[in-house]
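Chain naming follows the written order as A, B, C and D, and within any one chain the residues start at number 1.
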């Protein structure tokens, strides 16, 4: 069976039989035309079938971010923030929220996480050292981009674990760029999962995932697809073309052309990926600000941040 | 007939009948294992068949740039510089060489031209204003990245034409990032053409090309493929798969999936494209320095530039 | 007499006798608390005394940009735009406006001009090629950052002159970072002059200035001080301290300490200069948009630009 | 007494009486003309007088970095590396070295530490996961830039402490941009201290310093002055001018002019500070590579890193 690579729970779900034991789906459309899909993995059997840990995966979809109006984008940010807030289920928790911007800031589509950290309203140091200088309604938020193993020589998990032990956050939110199977999802879908996140691995090494099991605190993962793998797309096209007659060995040979570049895996992105990453980081930062400082307006936050 | 998009003369050539009137090919391999291919378009008939103006198109190929050793890369730079020098055919010309870095510095794979400009040894102002401060063997070189129409509101041609009229260079060298049909050529092939270059258009609007006809001075174009179009690759795979049974309408439908992203055309690049663009800019800057200041060593140039 | 370096007409004026033949001053304060000062150089005698060409120099002052609220900053942008509009005196002119972003984008305080170009709403190409895609109220605007002599080997004047000859704008607006004598003016004062601008020279080589005389079209110069020279400030402090007893030779020796760094002239900036340059570029871009597309709202422009 | 601000032990030493109990000085000049000065704080009395913890502070001085030839710069890197190696005193230690790049990557003169991290040869992950892919002579090195409190909401100490607890390095090396009293030291002096470093504070809050006391592992601090404070320089000039007649109140008033900018403290830097920071980061990265992978040549390291 060929390698279909995606980090999106909705896409993995589409590949399973309609009635998969332990996996439940729900959909809703908002008045503003956003589509929300919940994939709920409710048993170990479901987790095995999905190749993902048990928990809830929400996908919010809009049209391509750059085509929507500023007003629609604001609506999208609000909706993401509102769903994120529901998932936070803070019960009077006053410990800080730690935001982790995963990915490599020097690789364009992978810079989403670090860019969100730069734009989110960070308040923990003010609340601790200058509480009178900040609105008491503001939450306590800190944010760091730990870099990637190939650049730092440190596993993301080691860095995050160390910080969690020092800072004792009440919640960790990890932001990452994802890979999708369908290119139409690039920059248009946001996945929020209450199961945490496995940096650098769609279906990977769960020991090093950022999750309640490994960090001892709730971890929400937020991801937006920024690329698709060329091999996966090519395979999909071939399968459609060859249908039942598709033969694994033939396909591998045909796909050879796509894997021919020696210099690192081939990815597919829109031409304007630099711009799209910036826009998406702005969107997520707004959504996070809405969820983490719910009674403060966007304009007030902007004034604080300047 | 489906749209095969490439800026490489060697790739267009591969698509034509073996004996194409007015198009001639030559190949040579160097001791260091570099492959050089000349495509010479020698008549209007050849130009029509190729969809490119008459002239000489040289392609130098190596293995993926990042895999080769620093020594091999230096050898590659020398070879490019040496072929470039032959093409310059300066006959005691003392007028400056004007380097044009085409492309958008804020779009990763398109930033090749602007990045070369930043690294090439620029000397014209020193030779004019402080001749005693510079080695008399240094050529007179100036370099500018004019930006792209969508950002400046100015056609590249307008900017370059204006500067040429003021500066009266003896030669223009334009650097651009290209699209290839085969992903294996990304970052591994360099095309040098003595016919100039058409910014933002493989086969485009020749009125606005940078060429002797439009600028009144010889124009050498240097390009390196940095992307392939997803549609072209997908089409190639499909054609291989479906063979003789391929039907245009079917193919279009199958390809629909690849074009589905609304936010700008889909491109295919290696994952490390940011790094690859930097490395390639460094390579071309070295090659240009070799060709334009032939008797000055690389170390001397580095000392000048600091 | 020691070297007092400033690019601000108001500061040069302060150094002259109160009644200087050929130089007239006017002041006004707006309701929002902005201070406007006009220095009008009305004769050759005034020009000699000021060391600046005849014409009108308007300075708008606010408090330090980063301290004002977003609302006050918007008010400041509107006021700059409104004064700029008055100075444009377009009489049914439909030729495009060409914006020139002077300075070096890789030198933090000097990057103001290039950064303004990136943020201003550029429309000329749309109006020419896709007029139906743009509001007919939009002006025709193009913008380019020509780089600096030391990087391109091209004089700014050569590049701008060349483009003007090709594009035939009805007005040129040149943006530049300035040096002030008083550090309190850094990031808080905007100078608008209807005499053009001399790149890289407070009082410099007028042959190479950008002005109606050299370009054949009206040139408005907009500058914001981003640095002060350490030598000028130190001299001011010394003069205050030593008063009448100040002796030129002594002062020079005392100032030696400040000039001791061999690696380029010493400048004084606020610690947050990177941030201040970004904020100021945003301010000027808004002011330009207001002046050049007067009947289109800021939100509409933002929607166009995305 | 007025505020003299410097992070350099040699400059603090110059301000003390020649025979200061508990502080010892030594000097040496190398054949290549580098000047090395050791300030050794040997008692609590010396520490109080110096306002710095007990330990050894070595300063290496060269001429302004950008003026020296590439050859001299290589010599300087070797000398720094050699002294650093002596200070490391590793006794068969095989635990990794953790490099901390202090400072804010978005503030030009403060970006030194983060830029060094980007250029140093990081090997820990290869030695652990792919030992056969790396020369066995290579040391185990990891490197991270933790950001600054105002951006992350996290104290540098918290982040570093957390990572140290996870990674258990045998040595921490912290890199920081410093402030000097004399502008001639900007970019020309390197201070290496075996006492660790106090981020964001010349003489500050020792509880949060990075040191053996706080981290439980040896900490070497490496700093290079990138700025001077305008207030300190101005005070020095005034003191020279007014001599014995200097009166504190007068001086404060005179200095007022320099502190007038409301938008953050005023600093003095060379005009080419962006370039100087890049060059200095390159220098320190080479010095670190020399010290941490002593038997591997620079060219071999470059080949590894590509």
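The definition used in the following text is that a contact is a pair of C-beta atoms (placed from the backbone, for glycine too) under 8 Å apart; a residue touches a chain by one contact, two chains touch by 3 or more.
The shown structure was predicted, so the numbers you read here are calculated from the model rather than taken from an experiment.
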- Query: Among C-D, A-D or A-B, which chain pair copies the contacts of B-C, with over half of them the same by residue number?
  - Reply: A-D
- Query: Going by the average position of its CA atoms, which chain sits the greatest distance from chain A?
  - Reply: C
- If you average the CA atoms of chain A and of chain D, how far apart do the two points sit, in angstrom? 38
- Item | chain A and chain C, separation of their C-alpha mean positions in angstrom | 43
- Item | Two or more partner chains touched - positions in chain A | 66
- Query: In graph terms, with chains as vertices and touches as edges, which category applies: line, ring, star, complete, or other?
  - Reply: complete
- Note on the structure: Residue positions on chain B within touch of chain D in the complex are 66, 69-70, 279, 299, 302-303, 306
- Note on the structure: Listed in rising order, the residues of chain C that touch chain D in the complex are 63-67, 106-108, 182-184, 186-188, 227, 230, 233-234, 236-238, 240-242, 250, 254-255, 257-258, 260-276
- Over in the complex, which chain C residues touch chain B? Could you list them? 96, 106, 117-118, 122-126, 140-147, 149-155, 158-159, 161-167
